[in-house]
Amino acid sequence: MPYTIYTTGIGYRRDQIPDEQIHGMDNPWSILWDPTYKGKVGVYPSYRDVMAIVLMKNGITDLNTGNDADLEKVRTDLLAMIDAVDPRIAYDASYNKLQNDKFSVTTAWSGDVVAGWEYAAPYTETAYKGFGYWFPADRKGPIDNDLIAIPKNAEHPRLAHEFINFWLTFRHAMDNFSWNGYQPPQTKADVNALTKTQGLYNKQSSSWAAPAEYVAPWMPDAVVRESDFAIGYREGPLSADVDDHWHEIWSEFTAGVGS
Amino acid sequence: MSAPSQAEPARRSARRSHRASDEGIHYSRWFWPSFTIPASIWLAILFILPLYTVISIAFGTVDPIFRGPLPIYEPWWWSGEQFGRVLDDSFGFYRIVYIHTFEYVIVASALCLVLAYTVAYYVARYGGKRKTLLLALLIAPFFISYLMRMLAWINLLDSEGYINKILTFLHLVPHPIDWLSGRPSTVIMGLVYGYIPYMILPLYAFLDRIDINLLEAGRDLGAGPARTFFRVTLPLSRPGILAALVIVSLPMMGDYYTNNLLSGSPKTTMLGNLIDDAVGSTGQGNKAAAFVLILMALVLIPMLYYMRSTARSLLTR
Amino acid sequence: MSESVFTGPQTRALPRAGGGFVRRWVRNPWRRPTILATITWAYLAWSLIPLVIAIAVSFNASRSSSAVHLFSLQWWWTDPSDSLLHDPELHSAVIQSLRLSLATMAIAVPLGVAFALGIDRWHGRLATGVNFVMLLSFVMPEIILGLSVFFVFSFLIKFVPLGSTAQILGLVTFQVSYPVIIVRARLLSIGKEYEEAAMDLGATPRQSIRAVLLPLLYPAIFASAAIVFADTIDDFVTVRYLSGPVSSEPLSVKIYNFARGQPSPAINAAATFMLGSTIVVAAVAYLLYRAFTKGQRTGAGLGDLATQF
């Protein structure tokens, strides 16, 4: 059962990279290679998602490619990234390190950035407004969804179904969204209003109460629309040989060789 | 040196009966071996068998559908394909990882040794009335989780942590230093910090056992304290030093978490990271097993050396 | 290694050269171990201050873990959702850590003590082989041991699911050599006299072990129990590879996860709590150790316990 939908784009510090700057770039994906942010570029420890972004940067839209020439480009670019910006590999790149200014640009799942306010310590207005999310305006980028599955040998299948039903309820799904940032595939939700309406979770501290829109107004790119799934590119399973090839390239990157 | 003096009469009478026990009067033949059976079975199933499984996986194949490793248990069917690839890459792009691993482990062990020896020597020779307090403080790090100690350093080294606060306050640096961004020095510091307690105590125990009369003999023969140290104490403590070096370098060789927590940059990847990363990803199980075998081969000689010295110390103390 | 042999340099010091402190120091900096003392205390400060700060952070009123602000019990129990008392995940992690440590201690110590007794008196080729394997398990880097046990449970002994059972089986394998080595060292210093005297007086082998040898071994047994407990509670590598459902992740694994992506000062509270419990176990072991070594001139000091590590 699909329960969250998200895109994979770029998370950035708005105090260092104004919204207009990144949106005005010819190829915003390439910001991950910009030496200006050396030492402050974060990527996920996820070979498929990071390599998908490298493919996007090269204008290759088959995120499951086994083409040697395509993968060679990915390899060259990944190794060039090490030399250019000395990237860090971190799970919390886009929901913690970006928010706390440890990173300036990151590979980012939309939900991570949307929920990131929770980790911005301390909760001040500046911290809250400090980070943004970019995804191609034509919506041609990596998109995906997460699933909940009930294993065949589950001990309490009935309870599991009940839980999924609960999860599918509009109100609970939206409450969860307001807390964890990953958008539920609710057709009832007005996607255009997500940046204007307030969710259940009130982002506040003793000193400052943040407005509690589902998605911050300056991050419209993070809202996922039903139509995006027809436009965007999706990762699928790779054949054993191709997957080995992908792993080999990723290993070279994580071994820190540089080009 | 440790039998209580009031046991003297007992010892004399025991010497007589010792002959009797050698003739096998007291114990049946299988009496003592039977004591070792439970632990031996345990180790056979949960130590030897697992090691064999690792070999079977490293020389096994990959399941074409589920991508998991398919171990091959019969040595005559072993396939060298997976292991060969890892070995090839080890001489290829992974070479830098091995170099880093050795670099960090050697530098960290050396730093550990210098510091640990100094501290252990001071406590053993000059501890005096404070010895118990000093020992308690040296043991203290054992009581707090290794990861917790690393976490403490993450907080201290943070760009807004105390270290940077002090440095900027004293105007020693213009901007906070990004300690946690893939610096080999930070990783080495973390390794030293994490493993040095394991070195100090055995070194202390060793130095404490050195017969003080030997040192005094050196002095009586006219050697100054420095000379006594370099000509008597240091040579005497060589076995202790080697054992202590092995104690810390073995786990450092397989360490991945210190590096992960204090750096996270591909530029400081160590062998342990390769193993841990491979275990976590689909289709990479054989690779993990192959790396484990390579690690085992790399640490074999220090391991055997340490086993020999442990076995020896159990025979003559 | 009895302490009476120890003579500090102060009692044997050669006649001091005249002159001021600086001159004396320049002439022979090693006489009064000023440098050594400075290094030692500097090391202790370096080694302990981070821990003190980590503990202080657990009593911190702010969410920031890089600076200490006000004293608060927020992360211990007052915070309704994220404190140690109220966060079910942390709660179960602490309990899991204690459970694993106690179970490992309960299995590894008897196994190891019996093995030590047996191997000490059993000679021959087979004995050498068995002893070799035991020592090998002692020196094997943990990542090798943890992963191989993980592989064996995934491929060969599949009926053991990953989780508490697998963790305990793996931990015991890793820990069993500690009691063996500690008890053997103690057996060596005891010698065979007592036991043989008992048998001369008519005791059976079993009686002599139970009434004479075991009580003499109690200090070593308590020391190894404390070490196994402390080392298991700290264990991370083996336990992480062998953990199954989230509920089987002990505190060490949680600390790692938190450090990598979910910072919360409550984790410091949890670690401080564990520190407390380890100290209690160690203190009990130490008191028992002292009680059982009373009347024996050797081995009653902390120094002797320290050499067991």
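Letters A, B and C mark the chains as written, and numbering starts fresh at 1 in each.
We adopt the following convention: contacts are C-beta pairs under 8 Å (C-beta built on N, C-alpha and C of every residue); 3 or more make two chains touch, one makes a residue touch a chain.
For clarity, every value in this text was computed on a predicted model and none was experimentally measured.
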Where chain A and chain B overlap in contact partners, by chain label: C
Highest C-beta pair count, chain pair: B-C
Centroid comparison with chain B (C-alpha atoms), farthest chain: A
Rounded Å distance between chain A and chain B, as computed from the means of their C-alpha atoms: 40
Euclidean distance of C-alpha centroids - chain A vs chain C, Å: 43
Centre distance in Å when chain B and chain C are each reduced to the mean of their C-alpha atoms: 14
Where chain C touches two or more other chains at once, by residue number: 64, 260
Interface hub residues of chain A, defined as touching at least two other chains: 90
Chain B residues within the chain C interface of the complex: 1-5, 7, 10-11, 13-14, 17-18, 21, 26-27, 31-40, 42-51, 53-54, 57, 69, 71, 115, 118-119, 121-123, 125-126, 128, 131-132, 134-156, 158, 160-162, 165, 193, 196-198, 201-202, 204-205, 208-209, 211-212, 216, 219, 224-226, 229, 246, 250-251, 253-257, 260-261, 272, 275-276, 279, 285, 288-289, 292, 295-296, 299, 303, 306-307, 310-311, 313-315, 317
For the chain B and chain A complex, residues of the former touching the latter: 62, 64, 67, 89, 93-94, 96-97, 100, 159, 178, 181-182, 264-269, 273-274, 277, 281-284
Complex interface listing, chain A residues touching chain B: 39, 45, 47, 82, 86-90, 102, 240, 243-244, 247-248, 251-258
In the complex, chain C residues that touch chain A: 62-64, 260-263
Of chain A, residues touching chain C in the complex: 90-92, 95-96, 119, 121-122
